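Chain nomenclature is as follows: A, B, C and D, assigned in order of appearance, with residue numbering initiated at 1 for each chain independently.
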Amino acid sequence: IEEPLIFEQGSPDKCGVDLPEPDDRPDRLGGVARSGPIGLPGLSEPEVVRHYTRLSQKNYAIDAGFYPLGSCTMKHNPRLNERMARLPGFADLHPFQPESTVQGALAAMGHLSDWLLGLTGMEAVALSPGAGAHGELCGMQAIRAALDARGADERRVVLVPDSAHGTNPATAALCGFQVRGIPGNDRGRVDVDAFKAALDDRVAAVMLTNPNTCGLFESDILELSTAVHEAGAYFYLDGANFNAIVGRVRIADLGADAMHINLHKTFSTPHGGGGPGAGPTVLSGALAPFAPLPHIVADGAGYRLVEHVEGDMQPFGRMKGFHGQFGVFVRALSYMMSMGVDGLRQASGDAVLNANYVMARLRETLTPSFEGPCMHEALFDDRFLKGTGVSTLDFAKAMIDEGFHPMTMYFPLVVHGAMLMEPTETESKESVDAFCDAVLALADKAKAGDAAFFTGAPRHTPRRRLDETKAARNPVLRWEPPAPAQAAE
Amino acid sequence: IEEPLIFEQGSPDKCGVDLPEPDDRPDRLGGVARSGPIGLPGLSEPEVVRHYTRLSQKNYAIDAGFYPLGSCTMKHNPRLNERMARLPGFADLHPFQPESTVQGALAAMGHLSDWLLGLTGMEAVALSPGAGAHGELCGMQAIRAALDARGADERRVVLVPDSAHGTNPATAALCGFQVRGIPGNDRGRVDVDAFKAALDDRVAAVMLTNPNTCGLFESDILELSTAVHEAGAYFYLDGANFNAIVGRVRIADLGADAMHINLHKTFSTPHGGGGPGAGPTVLSGALAPFAPLPHIVADGAGYRLVEHVEGDMQPFGRMKGFHGQFGVFVRALSYMMSMGVDGLRQASGDAVLNANYVMARLRETLTPSFEGPCMHEALFDDRFLKGTGVSTLDFAKAMIDEGFHPMTMYFPLVVHGAMLMEPTETESKESVDAFCDAVLALADKAKAGDAAFFTGAPRHTPRRRLDETKAARNPVLRWEPPAPAQAAE
Amino acid sequence: MRYLPLTDDDRRAMLARIGAASVDDLFRDVPPAAWTGPDGFDGLPPHATEMAVERQLSALAARNVAAGSVPSFLGAGAYRHHIPAAVDHLIQRGEFLTAYTPYQPEVSQGTLQYLFEFQTQVALITGMEVANASMYDAATGVAEAAAMACRITRRKHVLLSGGVHPHYRAVTESFLRYTDIETECLAPDPLGVEDLMGRVTAQTACVVVQNPDFYGNLADLSALAAECHAEGALLVVAVAEPVSLGLVTPPGAMGADIVVGEGHAIGSPLNFGGPGVGLFATRKKYVRHMPGRLAGETVDEEGRRGWVLTLSTREQHIRREKATSNICTNSGLIALAWTIHMTLLGEAGFTRLARLNHMKAVEMVEALERVPGLKVVPRHFFNEVMVRLPGQNAAGVVDALAERGVLAGVPLSRFYPTYPELADGLLLCATETTDTADIEALVSALTEVLR
Amino acid sequence: MRYLPLTDDDRRAMLARIGAASVDDLFRDVPPAAWTGPDGFDGLPPHATEMAVERQLSALAARNVAAGSVPSFLGAGAYRHHIPAAVDHLIQRGEFLTAYTPYQPEVSQGTLQYLFEFQTQVALITGMEVANASMYDAATGVAEAAAMACRITRRKHVLLSGGVHPHYRAVTESFLRYTDIETECLAPDPLGVEDLMGRVTAQTACVVVQNPDFYGNLADLSALAAECHAEGALLVVAVAEPVSLGLVTPPGAMGADIVVGEGHAIGSPLNFGGPGVGLFATRKKYVRHMPGRLAGETVDEEGRRGWVLTLSTREQHIRREKATSNICTNSGLIALAWTIHMTLLGEAGFTRLARLNHMKAVEMVEALERVPGLKVVPRHFFNEVMVRLPGQNAAGVVDALAERGVLAGVPLSRFYPTYPELADGLLLCATETTDTADIEALVSALTEVLR
């Protein structure tokens, strides 16, 4: 079924909302009233409901199937979280109500902070970053502020491993740092010697993901963090893979100075087709004074929302309008309270178990990139496809026809034709087995030489492969009315 | 994607609900504690959410497409109704709370009654029937009670037109009546002469659908109802087609003594894959004293729920546990308040307009069963398929592949190979046009002789045609564990 | 008007195509005397915005005391359980909520499969061989069960125990009132002492009992079942609280022939009593006499397993006046909620939930037994008991407690106002939602009022 | 644990297959010094039942005063509008709610198509040529717009008007703080008198203004736009209340080069301020400098129209440190809510809603103008105005009104505590949810407190 755009439906007279007739008072617009139509289409409520229902039916989602997406932690999104976030006492709160009327909301933010600090062992948390990359920026800006406070103007280099998420260098650049790469070793970890050699007095910070993007725990992490601190630099941890170790490893114990936490990964809030997320950033004692506004403070009388500099705080500024992704906070808190610290520990264990099980089932047929146990994701490269005429992309697209979302492809960059698979703890053994069965069958098929099967995939989807080059070369980014009926603007 | 049964998934150890450990007090069960396992499967919450999400994806629904189902009034189900029914002050009310704590709920039932009486002009309404057939039973039992009260023991015949819904004769039989058919005329209406001739002093009541199941208004209705009353009988109207005339024709003005109203048809509450519905029954002054319990009574101090005989009421009894389909009442009330009497009138007009438009677009190609304007549904027979080798059923199944739910088939029985199409007022012109285009294209295809295309349809559905004979001959009505692992009972 | 997609332009174009002058013209078969103009409906308001409707209905809702907002001990056939958020989320999916009855199986496999799962779950927990795809509620289910027993036995006498829920009794009597079936309704029996065994005869089509009964008494029905079968009668067992089946021997194991349950308490909020969902299970050999819809397994043209509505030859759209029942619509969506909640519970959860309910009730009873002037009646119970407040009017006590912010239970006078000997009787229920503080509030308020 | 599907049997079988002794064994790469045992997290509670979590969080929610439960006049960048029930229903569909970013277009056409619709709607109402698929919120959007203007003009000086929302200003300053861009933030300008035109120079990358401004003043920006363009600078216009665009000349028609809006007020509840959705629109020629995701039209292998994420060469996972922005996640679901609400409104509804808001504000202002000791500042406004309460501390007045059950607006001291001249300033807003009784309650409470 083809579903036209809303602009190709309806008529401007129709309306899906009934509104009362406005009073006819003299306006106070001062002559800047809009003239001419806007060009919006009009649809009745039944048409709108059907349109968006049909659109939704063209999507894959965690509710409908398994997402083995490495580095994305697509876990089950409990509906309790949704219900809690919709309580009128949370959803219908204005950000600037008097503090006395929002004590429950401030307490919820306070409880969330307590959880995040308890799980990481850190000193402070900035709740406001809007998502992971924003949390990174928060952490790196805090580092920059700390460097500035101590007058370390010469420190402008940030070390980033070659396997890092692309956001890491982008974030470092935004803070005025130059990025220098650190090579990995053949065990998929940072090369300790090269790392130490790179640490000089121009280094401001190191940004490291742990478990790293190869799905491995950086076993030398304590040596690395000690070296960083001895060199006078700060240690930023990318928290994208926190789900592997939550409830088992405290970030503070790794020597981290800052780490962002994706509430929409580790703490089960929905990805929503690309947001909203939330990326609170935990900070060590060295960075805590520089945490951005606002802060939540509990005192005897209740909770306060600190929106301006007080006392000896040195916040580097403000990350976001209002007080952060409050609706996401409530969902994450609901999840943490549900799981408890024991449940979170069990979750990270099951996530790692599922990944190692995938590794065990696939390692004979596919080509694992590294030896040893993995953390919560299993990394393979494309050596097993050599000579088959099937690329990692083709292989992934063929997974779609088997009813699975593709794994993460071509990331991390340090591995050729990477396939990164993250089965989270909310997939059952049956589900993981079905996935492995499908991968193995496809691998056999590829090795048997049926390349056309792969290059033509997917076939059973609302659309087959789309022409991305055409889209980028001549971008059509909005609907335009057909030429004769050009809407007046 | 195949989705196994829940019994083929999970394990009895798993649980999708966390519950506290029960106290360990001495039980008071008197030795009737269950022994041995029940045999229920266990699934975690993520598995349950995915299972039922996937099942839902195998369904057609009004949210996703057009349902031209005659006599079923599949209209848009506003989500406001759902939200209102879920307000804790409605959803979380126990039926036996003290009256003082449920005044708002009783008022909602009172308001619903006021609407139903206002729209029909009748004297009383029994809210409690659970759905249409139950409402019929209510009306016919009230008629029986009235006959008994006046000692009319000889009146045991109920006249039912040949075109009636199957529930009519079934209901009459349950009230101890014998059913006698009344023939229709070639205009698709009741034959007035035959009708009058059948009215003797053994007739208890007449059950008539108006607009009738041929989609036509019984133009002689006033003559019929007068004759019924002159003959000393009662006049029952089947309200299944009320949507055609709501806000335009008062049932009382037609001479009706009773009519059930399907809230899940006319008043937009969802069909839910087969219920729950609600079938309140409006009654004339002659039948009002016999209305079943409970009753809602408003007095100066508020609302009362009358659950036992009071004063000179002669209720024939009780139709249902508690106070009826309260959750459905709230939804219907929300709809009526939204539409208002003007909106309901517009709705019946648009419903009839849509049906006549379908008739106009299809009448040249298909074979309409009767002349003249139809009401809210358009009736065709299978003469246009003569000699094509395509049956009404085949034609309907082919509609599925075009993205439409089939029309009602083989009903009413008075027409050969009937196709009854009801486009309600919540379908847009575009939607109705797309439907007509599809029907016309299929009719051309059938006439062109491509019978195999039809007999093999549907092809693009989760299942193709299912073997109903096998299902009925050897009924498998529940899952059974595989033989070796037979669960202990 | 937000729900109506036609524009005035559309209407004009469509009328032109039809060849009619106006929409009213399409109604020309309506006799003028039966026609009401737009201003003919006095007292009914015009359309309203969503915001206005929401305000008005929210104001009505706010005039009620939500059961969960205060300590609450009401049962009497409607039990308040905690419902996981996933249940309501899933039943609101448009493909379930707004689907029609699954008469077209190719595009209704979702509905049909969950009905098949529902039927299996109902059969399992009742200990029966087969179950249907639901009835309106337990009250209508009991009535249908009695009629079914008469069809099977070809007898015309139904014996209704005094321990059956008064609404089930009243509905059954009403349902059968104008048929040739005779319904014998025994007197209310709070003490569980009536002699049913002695009343079963060769004319008895069925005996209808409830377990635990309306007053909370839990019993072993095996002897009664044997007696019924010896006389060629069927035993119909009603279950008002489905959660009890997680802990109590199921009626099927005690010899029941038909089991009727109210499913409302699993998966659905109280909703002031409705809509409910009637669970209906029986022996395989009686299946063709069973009312209601049935989902059955079969295969499609390609041999793949699938489901259809089956045995519809029993239904009224085919059999007309010879149908097993006049029922058409059932409770599909409430059955879905029930099935999803049951699936979330599973074996482990369902049995634990039942035990939790019983233990909460034991805790409540132990506390009540310390209240002076109050006597707990049932010796054996599940999660509800009748208590006597000698010398007191129970309805008055309930009102007094409501004023103190405790919804203290259901007075028996609400059902049996003409039985003065029941005026001091009160039904009290505890579930997993009852906490110790609630029980303390009840006990202290009761103690105060009874002093 | 209800969210975890593995059983102990599963775990044993999987460990055997892996060849590991225990789950802990899989963590052997973690140095012992960094390992925390199960009892090592003091103060964090164990898992809880759904019922318990619901109770605790409901209790927290109940400690707040919901804005809709009392007369409420708060705006200052967050506007309370009525949201049709269909919006929340649709965004909760699992296929939207639980989908990932649409990187695999074949199975993400639903998300991609609504983003394309969103982009078009944003472009239309802002009067711009193109829009992206959303930013976190308007504050971060303004910051990104300033950076984008610097990329386009290759200049390093950003001029921020004193009429821009203080949070947008603060976020922009913070965002650019460590870059080589200089941000000039003018003093708060409640009277709309600052001389921006005189400050635009050949070094200015962009001027950032808001319309209506933070204090409610509505202005024609055409002259400013012309001045900017004459100097080779861009004009960035922020819109805090998107509903205003249904009535007010759009920034695009006034000559804006980049328009940033906060979309939160359409489709989403207040949520204590977040998550929001940043609307971001610009001229077509600047599209390759624009941050954020973009859905673009293309065709599939069979030539059928479809959508993909496009121009991703601007993004950080490809460009790394040379990316246009470090933003990765956006606000997909809030954008969806926005699009659905906008689609329900359509041309007729959106323009009427805007007019209704303005008329409610005019009604409020007319009533306020009769309150002694209160002065309305803006002459021209949309739905919000700053008032002065000479001699009063506005924050104190707000607290006094809160005690009387009226949420009376936002005191300016909340944003500018160090500006004593703003201490008597208060922002008051009316929307379609404001009724005459609310305005009367406000006016009478204000009159009383100011007396």
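Of note:
The criterion applied here is as follows: contacts are C-beta pairs under 8 Å (C-beta built on N, C-alpha and C of every residue); 3 or more make two chains touch, one makes a residue touch a chain.
The chain list, named the UniProt way, goes like this: C, D = Probable glycine dehydrogenase (decarboxylating) subunit 1.
Not measured: the values here are computed from a predicted model.
When the C-beta pairs in contact are tallied for A-D and for A-C, the bigger tally goes to A-D. Here the CA centre of chain A is 19 Å from the CA centre of chain D. For the pair chain A and chain C, the distance between C-alpha centroids works out to 46 Å. One simple way to say how far apart two chains are is to compare their mean CA positions; for chain A and chain B this gives 47 Å.
Touching two or more other chains at once are residues 10, 13-20, 43-47, 49, 53, 57, 63-64, 76, 78-80, 82-83, 338, 426-428, 431 of chain B.
Counting partners per residue, chain D has 1-5, 47-48, 50, 52, 54, 84-86, 88-89, 92-94, 344, 432 as the residues that reach two or more other chains.
If the chains shown are joined wherever they touch, the resulting network links each chain directly to all the rest. Within the complex formed with chain D, the chain B residues making contact are 11, 13-20, 43-47, 49, 53, 78-80, 82-83. Here chain A touches chain B in the complex through residues 1, 9-10, 18, 44-47, 49-50, 53-54, 57, 63-65, 75-76, 78-79, 338, 403, 426-428, 430-431, going by the rule given at the top.
Residues 2, 50-51, 54, 82, 84-85, 89, 92-94, 344, 432-433 of chain D are the ones touching chain C in the complex.
By the touch criterion given at the top, residues 1-5, 7-9, 47-50, 52, 84-86, 88-89, 94 of chain C touch chain A in their complex.
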